[in-house]
């Protein structure tokens, strides 16, 4: 169904209206975008304030700038150490998800083996189970049976392979045309070779998406790493910050400033990384073919 | 499914002439090998603890130290009866219903509209995308501190609203606490769903819009008749994911309203699982709540699948 | 059929690793452990001052016990410590000693088999009872006649702290406010709010955590009843004229908006947003440079002499865990750390009161130098704690939930709320 473009909107009035409506779309989106990022502005301003108040005038402060909030929270938490722990935790989960998730996703999408259908059904099912239900049995298993308390391995294990990521990989591999694989197989390439040199390069956009959705899990998680670590030097920043908000807040003079400073430390590295790499997180349809 | 060349792709079905292992494992047993780490992971981290949880929901169960033996008598459905007659538990399911009624439609509609608006633009899209995604990539722990400050009694939102500010304030008002949380979660998660819709929109043929415009269809009409059906399968995914994340709500009532306050108005089933199972040492009751929750979420997902199915 | 076999196979594949997962946790041989010496580990709360004490005591010990070194780890001070301990007991990953045991949760941990009876050590009973006096019995099994699974370690007797400046601004007597009855407390509160001296009179945390009654309802209830605990002889006691009087007093505070229904986002005492709070001696360290404060005993309905007021102990105790493989060392270290010298150090570093008899006469120098703490040392002799019952946290959570509706948010009447929850708790105990 092809249309001659020149027939559409030939009246000048029509074009004018179109431009006006586009302007309206920009305006509405801009307002929504401001609402979305406003809390970040609030966080950033408050983190550098001597006495972050919640009044309107505090939004554009003239003075009272300080770095003390960061030193206060750093003394209590060891921000750098906690950030490193968060990084190790997150990197472990990312590595596990990329290695095992890619191969499982490929096997689920392109290979025929017994149990494939069952695994796919189970995979969709496990997404519905709340983690809190599994926490104590898991803790007994990981800290008790495997002796992995106070280790990064124990911290990483429960989220080692992100199921949503496996699902996304499967959808991507399924959407590739079969002919590519046939050609490679005729040339005598092994399945692993097909995966490594043909399939994976073709699903690069999926890898970006998976990195995005996978890394937030461990970066955010505070309950599990809190249970598994008793050495405070092992605790990721989210755990340290949640404990700080819960317990210590009542015992320092300017808790809000310190909390906001901690929040900034947790939020901004990610926000900045994300802004730098945002163009990779784009268009790739994973909704298609969800019905299996 | 039959393939033209036996060399190119293995057959879907095994036949009696194949060796026994191929009959047992399928035509490409390598698939099993490649999935094995994931299968082991699911077994160890999900299936085993889940099976354990389901098991203890039928027993009068307490946790004990290793080597200590305690009686765990079988009680049938007694734990289920106990939690289903506990007004706090029923209240938490009602709360989550309120949450889903606000959060799910809002998420689906807003993310679809925002994505198609973004899709129609040519400039500034990267900046808008960043703005929408940023809450999603940020840890809840850090955002909750900010929201608490903004929505408290003397907080920013109330000082903007002035006399219109609700009394009692947002997070301590039993009618507003859950809606406030629902708004927070919608805001927090929206970016991810916008991302899904943006991806899906790439597959809706541009010609459809152009021809509709020629036929004189307005923007609203094009949205309803082309966009909405065009991204139907993504809508299903968004629906299911939003239902699942919503039903497993925990961090927000735990940190934002400090244990499901005010007066239990924002308690969620998962918060009760946490309180009963981990704080109070009643893993049997907690597991019963968990099993009921999983069944309900499964049912909701099935219903969504039916509703969005093409006729 | 085919799908069926395929499914079964998938399930079988899933079941395989379970055999691996199910292999047992090795239990400690308690006979051998009871006489064994060697390295031990201890958990101390993350609270800055307690941590400093923990480091000092373990360093002092390690200097003299080369082959039995103590390793220090931290557990969070607040709500989450119970979860961490419960999980560790079930998994068998507890340390040798925990210096942060909440007596409300202890009976369940004991029943789970996670703790060791301290009277099985030579001189165990003597050390505990000589140190703590007769009130140590409140922390023992079988109504005080049985063994000790916890050493009553330190208390934070709750008193009514007030901001002198706000009291003066409101035209109240800032030196000796004399708010010993509920009526006087309510009148003073009205005066504080109506005069504009502060936005609220008192600001207990209104959240639903199970332990919140310990800083609003419970201290006043103990004072009002002369030390009757929430549960006595297996029955709830609070659905009584005394319990109702305390609950009605708080209900008036909330109804008249003298106490906010929302949690403070700041420290309300420091910022001057409120004039009073119920607090233990740990508060002194926080406020000594921030505000001009005073302390008074918690009030009762009719008023009783300060020297007779009983309040909430808010104690934290020490337990020896059954995972300990070197129990003799653990016990020796426990006795060392709770001897006169290190109790004194605890007082000095944290301001919390060791649960020891006659504090004021054992550490005269300290109280001479720190007069602020003297009233607490005096009060520390008249404290009561949470009841010794299993399922304690569940009971407190139920109580808090009902209190929250009947008192804080006023969705229910005080009478109905307390009576309903008393029946529920009664049923729980009888179970």
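Going by the order they are written in, the chains are A, B and C; count residues from 1 in each one.
To be clear about the criterion, a residue touches a chain if its C-beta (ideal position, glycine included) is under 8 Å from a C-beta of that chain, and two chains touch if they have at least 3 such contacts.
Model, not experiment: these values are computed from the prediction.
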Per Cα centroids, the chain farthest from chain A: C
A-B or B-C, whichever has more C-beta pairs in contact: A-B
Intercentroid distance (Cα basis), chain C paired with chain A, Å: 38
Length of the line joining the C-alpha centres of chain A and chain B, rounded to whole Å: 15
Inter-chain centre distance, chain B versus chain C - centres from mean C-alpha coordinates, in Å: 37
Multi-partner residues of chain C (each touching 2 or more other chains): 9, 13-14, 21, 24-25, 83, 86-87, 90-92, 265
Residues of chain B touching at least two other chains: 24, 32, 39, 42, 44, 47-48, 63, 66, 149, 152, 155, 278
Per-residue overlap in chain A, given as positions that touch at least 2 other chains: 54, 114-115, 119, 122, 135-136, 141, 144, 246, 256
List of chain B residues in touch with chain C within their complex: 24, 32, 39-40, 42-44, 47-48, 51, 62-68, 70, 88, 148-149, 152-153, 155, 168-169, 171-172, 174, 257-264, 267, 275-276, 278-282
Chain B to chain A touching residues, read off their complex: 3, 5, 7-12, 24-32, 34-35, 37-39, 41-42, 44-50, 52-53, 63, 66, 114, 117-118, 120-121, 124, 126-147, 149-150, 152, 154-156, 159-160, 187, 190, 192, 195-196, 198-200, 202-203, 207-208, 210-211, 213-214, 219, 231, 233-238, 244, 247-248, 250-251, 255, 269-270, 273-274, 277-278, 283, 286-287, 290, 293-294, 297-298, 301, 305
Chain C - residues contacting chain B, complex: 9, 13-18, 20-21, 24-28, 82-83, 86-87, 89-92, 108, 111-114, 205-210, 260-263, 265, 322-323, 391, 393-394, 397, 401, 404-405, 408-409, 411
Residues of chain A touching chain B in the complex: 1-3, 5, 7-9, 21-22, 25-26, 28-30, 32-34, 36-37, 39-40, 42-43, 46, 52, 54-56, 58-59, 99-101, 103-104, 106-108, 111-116, 119, 122-123, 125-138, 141, 144, 157-158, 160-161, 163, 166, 178, 181-182, 185-186, 191-192, 195, 209, 212-213, 216, 219-220, 222, 238, 241-242, 245-246, 256, 259-260, 262-264, 266-267, 270-271, 274-275, 278-279, 281-291
Residues of chain A defined as touching chain C within the complex: 54, 76, 114-115, 117-119, 122, 135-136, 139-141, 143-145, 149, 226-227, 230-232, 243, 246-253, 255-256
